[in-house]
Amino acid sequence: MNTIVISYKPLYAVLVSLVGAFFILFTSEKRQNLREAWTFIAAFIKFGIVISMLPVILHGKIIKLTLVELAPGLSLMFKVDFFGIIFGLVASGLWIVTSLYSIGYMRGLKEHAQNRYFFAFALCLSATMGIAFSGNLLTFYLFYEMLTIATYPLVTHNEDEEAVKAGRKYLTYTLTAGVLLLFAIGATYIYAGTLEFTPGGFLKGHNISIGMLQILLVAYLIGCGVKAGVMPFHAWLPSAMVAPTPVSALLHAVAVVKAGVFGCVRIIAYVFGPVLLKDIHMWLIVAYFVSFTIIVSSLFALASDNLKRRLAFSTISQLSYIILGAALLSKSSLTGSILHIPNHAYMKITLFFCAGAIFVKTGKKNISEMDGIGRQMPFTMLAFTLASFGMVGIPPLCGFISKWYLCLGTLQAHEIFFLFVLLTSAVLNAAYFFPIVYAAFFRKPAEATGVAEASIPLVLPLSITVVMAVIFGIFPNFLFHFFDLARNAATSIITGM
Amino acid sequence: MIPSLDLILLIIVLVLSIAAISVKDLLSAAIILGGFSFMMALLWTEMGAVDVAITEASVGAGVSTVFFIAALHHTKRRSKD
Amino acid sequence: MMQQAPALTIAILLLTAFWVPIFGMVKRESAYYISLTAMFFSFLAACATLYAVVTTGPIHYRMGGWPPPWGIEFVIDYLNAGVLVLISLISLLTTVSAKKSVEREIHRSKWPLFWSLYLLLVMSLMGMTETGDMFNMYVYLEVSSLTAYGLIAMGEKGALMASFNYVILGSVGASFYLLGVGYLYIATGSLNMADLSKILPSIYRSKVIFTAFAFFIVGIGLKMGLFPLHMWLPDAYTHAPSAISTLIAPTMTKVSAYVFFRIILTVFNPHFSWEVIPAATLLRWIAAVGIIYGSIMAIAQKDIKRMLAYSSISQIGYIVLGIALANRMGLIGGALHIFSHAFAKGSLFMVVMAVIYKTGIRNIDDFKGLNRKMPFTMAAFCLAAFSMVGVPPTAGFFSKWYLVLGTVAGKYWWLTAVILASSLLNAVYFFRIIEKIYFSSFVDLVTGGSGGHEHHELPAVAVAEAPLMMLVPILLMAAGILAVGLFNTQIIHHLLQFIVPKGLA
Amino acid sequence: MDFIVSKFNYWIYIIMMMIGFYAMIAKRNLVKKIIGMNIFQTAIILFYVSIGAKKGATIPILEAAHHAKIPPESIEVAKYINPLPHVLMLTAIVVGVSVTGVALALIILIYRRYHTVEEDEILRQLS
Amino acid sequence: MKPLKLLGLITVIITGFFLLYGVNDMPRWGDTNTPASVHVSPYYIQHSQADTDAPNFVSAVLADYRGFDTLFETTVIFCAGIACMMLLRKEEDA
């Protein structure tokens, strides 16, 4: 088991968008077509590379690549395992869709500084890919910080006061988190002498005091949790919604926040490991902590009228599902939590796309203005409705499967409390999504308009993602084998192999 | 080496140094500094460092003082402290 | 030729410096080209030295052929071979990029003298790195100070007073150093560093040695701008001609930091410096306070050069902290920071020089939208700023990484906190500028934040990049930042690991 | 008592150094600062010269007939004053004068621009 | 007394105290057996005539053993000269 294959593919996957980014940067601002061509070429090549690694991983092999030595005994190391490839597939696959959407959105609004926008976007994807495939904590940190920096120009894209403020807030939160992470990584290296991710954790058996381990865990989880929007550290996420919608969609539903969650799961499952986490009596505390986030952010979502803001709070709540699943440390809950990464991504990106399409078409941002919008934009709102069903967890959408496993996990871990948390949150989800759907289809619009859908580049992506969300609900192994990957990952973590 | 001469020269040098930094007329201060250097040269001769003494007498007491006076020629003589 | 390389590094510059004023009298422009050629050959010699050291081990070069305790020798071991190449590379690049700026800021009639002093300054810095004799070091120290006094005074308003203050404090520093040498000499009778390190261990209990040590620390500390002895540094960096700030910021303080390493680790042995006297504890406190002080003062500045100067004070704190941690990781981190900070500060000052040359802007508030005018220069600025903040994979991250490892290994948690807090402070003052450069074009145009989406077309700004002679060195320096970052393991493996005393964890 | 008497000279040098040092950092007049610097440096030189001193020894010039070769072993070391500090101090004197020269040139320039050599007045003009 | 002067005075006194502290362990003034007189310098006294043909030890050391220092002593003068010329020169092209 776990045969190691050495291949340059992970490096290529990272480099493709990096090189693409520079092609974009050096294209003149006027030449839109060429710039978008670069984006597409890079996106497709990247996706192709990632998908070509899938069969190898499904065979139970691990792709490994050691590059430059970053520090004595610590290399820039890529390692593609079950867990990593899921994230890689999600991010690279959705990049293609988002690129298409971006083009429609940016052209529709005649945005400025599109070069910078697409450049930073491609850079973000490089960083995300690096995070997905990093084999040790130092490599992870390198790409994690790269992601922080690359996202910054996207958040401040509008260059007005609000955007600049949001950018500052974003940097304050994420850089502080990065610093904590650096401390934790440094301390881990000094104590454990290695930083390589190992299923089931590598920190065990290094004779580290419990207090120290607890401090490290807290530092790690804050470090990654800030990006994941865990509750007291979430404030940057709603304000970062000033960014253009494709940014919110990809970065705040897929790349950035998922990178944070991905990091949290990596820390819990591949650095500490289930056994150690139980030994230091932290798993329940973490679980209670994120449960709080799940409920409270749902309440916040309920209270906000701005659609993107409501989606942002929904994201915060859903991300905490993933961390909760990991913290419960049972096989089912881990499967559910890992599976929720792609599932939530497909659903949430649909929702954001819809919000963007509505904004481009009608200029409306607030839910209270959206009465009857379903008659005007039937496709968009249909997709929205389906995706929100998925978020609540209604079968046959993909959200159901991951939530089902999460619930099973709470039972496996004998913690009934968390089952209630999940169910309450599902009710709350319904409470903040269904009124939108209701208003869109059953309320009369202020002024009657005929059917006026958004342009093809906007509607096509959201149709694709929502269709995928449905298909993944019915055939969880469709195309990408997400379900098998998630279950294998969970097995490897529990058995420590 | 004559201990008493040694001591007397040392005390003279000390007094001159205090004088150089405390007089308010800069020209006098420069000249006192020249004297200080010259006494120093004497002291060094007495201590057996002839080469150093000769250099100090010519460079320290001579050239330096000339520099100071030249500089003072281009600036003011009076100092506030 | 290879055997003579250590002497050639200096000799080329020295001989050229004597001739530059003479050729310059005939034709003013020739001074620059002669100097540039000399810098280039000296750089080659430095590279040859480095190559020889890496392949065959440390070099002992006897000046005039007299054996060490009696004559003067150059000792080039791993660390100073690296510093030597660093200094000559950065000063070569600075020379290339400084041409236009000097031509604008310095009057034509003074060019030959200017370049002559410039060469002598670089020469003395290289001499300080190479020499193995305590008194010879003093002479270089004075040459570097004297040339720097003259060069700094050539700047604009305020430069004269900045230079004069530097004269006073620089002389105090040099005199303290000289006193230290005297105290050591009276107790040991030797001036040769290697010889001293053999004699000293037997007399470590002597108060003379202790006093000598204290005076070395203060003397070198003054020269390198170690908090709280930094008073001369902000003014000098701010008011000096741009070319000179660019030259001295990355090189002079780094060479002094290197001398600091040398004195603490080679002349006195680490056991004495860290255990017999509580120097390490004291230096840790000084470094920590300096790091925070420098960062906070940098945040308060409006003038970009002054801000960079305060940031230098903070960065010097890192290097000293590395020494004071007294463990393997800390030492490596401190030594690596000499390299990473030299490249980062060098490119920052080069960028500032280019900006001043091109636009005359010095106030941070005026940097608004500069990326549209000078995209490449600003990209380099960002990279260097990231290095200062410590974003991987730039050089600054790795030196910080080793320093953090050092503090963790030594269980100095509060120092870990200081390093981390200061990188956040660095982020504050660098991102403030980056924000202005890239994202503030609309703040003024659209009154009061329009909610964003009704953007007007920005007025077209023609790209007006710095001239190629400035741009290429800037980009090379930026590449250097990345190179030091990515190949830090090689640098450590070939050069820096040898400074760690045997038996140190 | 022996402590004071045997090292009395060092005490005086140090007091002298401190006089110069005080003038350097506390006097507001630029020329006074330079005078202080000269005193400081000269005191250091005095200190060095006395390092080389030996009781009952003579100046460091070989006493021998012209061109007569004396075998190294037969030269009595204690008879001659240590020459090394003297050599160092020749350099130090020159360095000191050079620094003084540059500093005075600066003072002249400062006077040309600010018409004063008092530090506080200059700072007032600068701010 | 102004606060700045007081600060200066304190600095000076501390420095002086340090120097005096060091003096404690110094050899007696004029002692012939100090490390300074027995370690390196005897070689100069004994061998300079044989090595350099100069009866004056100081010139022998200055010009030969430590001739490298002397080279830079000259450089210092050169530097100072160039610096003064550069500073005081009128800004006009001849």
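Just so it is clear, A, B, C, D and E label the chains in written order, and each chain counts residues from 1 on its own.
Everything that follows uses one rule, which is that a contact is a pair of C-beta atoms (placed from the backbone, for glycine too) under 8 Å apart; a residue touches a chain by one contact, two chains touch by 3 or more.
In this text, all values refer to a predicted model and were calculated from it rather than measured experimentally.
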Chain at maximum distance from subunit C, centres defined as averaged CA atoms: A
Most centrally placed chain, judged by C-alpha centres: C
Chain whose mean Cα position lies farthest from subunit E: A
Centre-to-centre distance between subunit B and subunit A (centres being mean Cα positions), rounded to whole Å: 78
Intercentroid distance (Cα basis), subunit E paired with subunit C, Å: 26
Whole-Å gap separating subunit B and subunit E, where each centre is the average of the chain's CA atoms: 18
For subunit B paired with subunit C, centre-to-centre distance based on mean C-alpha positions, whole Å: 38
Subunit B residues counted as touching two or more neighbouring chains: 1, 51
Junction residues of subunit E, two or more chains touched: 19, 23-24, 26, 30, 34, 36-38, 40-41, 44, 56, 58, 66, 69, 72-73, 76, 79-80, 83-84, 87
Subunit D partner contacts - residues on subunit B that touch it in the complex: 1, 6, 10-11, 13-14, 17-18, 20-21, 26, 29-30, 33, 36-37, 40, 43-44, 47-52, 55-56, 59-60, 63-64, 67-68, 70-72, 74-76, 79-81
Subunit A-facing residues of subunit C, complex: 329, 386, 389-393, 397-398, 400-402, 404-405, 408-409, 416, 420-421, 423-424, 427, 431, 435, 438-443, 446, 448-453, 455, 457-458, 486-489, 492-493
Touching residues (chain side subunit D, partner subunit C) in the complex: 17, 21, 24-25, 30, 33, 37, 40-41, 44, 47-48, 51, 84-85, 88, 91-92, 95, 98-99, 102-103, 106-107, 109-110, 113, 122-123, 126
Subunit C partner contacts - residues on subunit A that touch it in the complex: 68-72, 109-112, 116, 138, 141-142, 145-146, 148-149, 153, 156, 158-164, 167-168, 171, 175-176, 179-180, 182-183, 186-187, 189-190, 242
Subunit E contact footprint on subunit D (complex, rising order): 3, 6-11, 14-15, 17-18, 21-22, 25-26, 50-57, 60-62, 64, 69-70, 72-73, 75, 77-78, 80, 82-88, 90-91, 94-95, 97-99, 101-102, 105-106, 108-109
